[in-house]
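So the structure is just underneath, and the comments pick up after that.
Order of writing sets the chain letters: A, B, C and D. Residues in each chain are counted from 1.
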């Protein structure tokens, strides 16, 4: 008989920020990995994004949902480019297959996000560089 | 050929709070429904919980994850009763099958939560009163 | 660090059929529970359904997918009533919120099904009688 | 208000087999794509695998479940190499992160499989060649 999964609680301000891997971001993004679900393949994190920082181009394998808790995020280039500009407090749903060539932070920002499945970081032509899911996130967080 | 699902963005402070159904809460809880995913059966909301408010007893069908953005929440009775006491900024994972006989707010509080599957509100003996998932949430939100 | 979930294999013909609970079926339905996923809240089973058997009315909380491996199943009353009549080999997708007032087998039949989330068995007015998910399925299987 | 997702039914023997892309398989594997779920990122197919055929090395992003309906499949090298050898009728659960360097069919075989998230086809060193999920499967099926 398989047991229920244990509940978890993280006191977020008691955990220190760590640098997010530079291979996948620019400008000093830091993060806290809050949860991984190995069975479902989901993971949850909060990101601290200084003014001028950005994430490298990637595709979401499954749906992702974020809560903007501070500042401003230009997703898919921001509203000016046909994407979204999230301003705290803001909520966003990113679909399975969402391609994020440009995700950037014009001011100091913070957001919380739940991911189902991995992110595929890509070259400009869409070819995969690395597939980062719960296991790789857990490994990078250490 | 099925298309990708559309991205969504909600400017949370541009949406008004609505009372959460009194059949399932006590003490003036208000909410904003942010998203429903009819295919996966998931939904996302933010809750405003005055001091002294509480949710009626329920069971989570699937996993739920919350971000405590303000105040304090006693889950499963709080730490004093073997549950968790979440203090902003705090993160919690509630499993498939988690039974929440007591969820209460000792101070004015706010939390954001993603739900996979419905909540079953229950009688003290565990018998189901109502099963509230994405469709019922959407209906209650109106 | 959380490990990967273990792979599983079941040699189906080496497992005996057990009666499916009579509270939720009629006419001698038997089943083999093949898998439960406690984290995701999913479960998988194969059902042996004699001619004239049926399932009690229920609602699917999350999506369900079936492969008809033998015989014939009238779902949602069958095609004559606006539902589907599955004939082996047939595949069906049932959505989150699908209500199955009538699921019956006009000939000896067998089908395999994956479920995300619980089934809510209901009274004619839709009120819940019992919510049967991975944990209850595992308990009934023993 | 978002509607429920439509139910679907496919009469499997009324659909013709198509060759599975040779970039990802060897020996004449054919398939029928039965369903895609764009929101959840899941997809379902049945595969016809002649004696001596095999799939190219890949990693499962999310969980996958199969029903062996005919023949025999050596997964992760087969039981002789520490993997599983599935013999019809057999059921298998493959986890998020399962790496399948060798999946081969010693006799004419057929299996049905549900996938959550994409498969990443990989080079011997694990580097990604292509990420194939519901959208790419739908595109390949045409």
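Observations on the structure shown:
Methods note: a contact is a pair of C-beta atoms (placed from the backbone, for glycine too) under 8 Å apart; a residue touches a chain by one contact, two chains touch by 3 or more.
This one's a predicted model, so the numbers in the text were calculated from it and none came from an experiment.
By residue number, the contact pairs of A-C overlap by more than half with those of exactly one pair in C-D, A-D or B-D, and this pair is B-D.
Just to note, of A-B and B-C, the chains joined by more C-beta pairs in contact are A-B.
Centres computed as Cα averages put chain B at a distance of 28 Å from chain C. If you average the Cα atoms of chain B and of chain D, the two centres end up 36 Å apart. Centre-to-centre separation between chain A and chain B, using Cα means, comes to 23 Å.
For chain C, the set of residues that touch two or more other chains comprises 4-5, 37-40, 63, 95-97, 135. Listed in rising order, the residues of chain A touching chain B in the complex are 4-13, 34-35, 37, 40, 44, 46, 63, 65, 67, 69, 75-76, 84, 86-87, 89-98, 112, 114. Considering their complex, residues 38-41, 59, 61-63, 95-97, 116-118, 120, 128-131, 133-135 of chain D touch chain A.
Within the complex formed with chain A, the chain C residues making contact are 1-5, 36-40, 135, 138-139.
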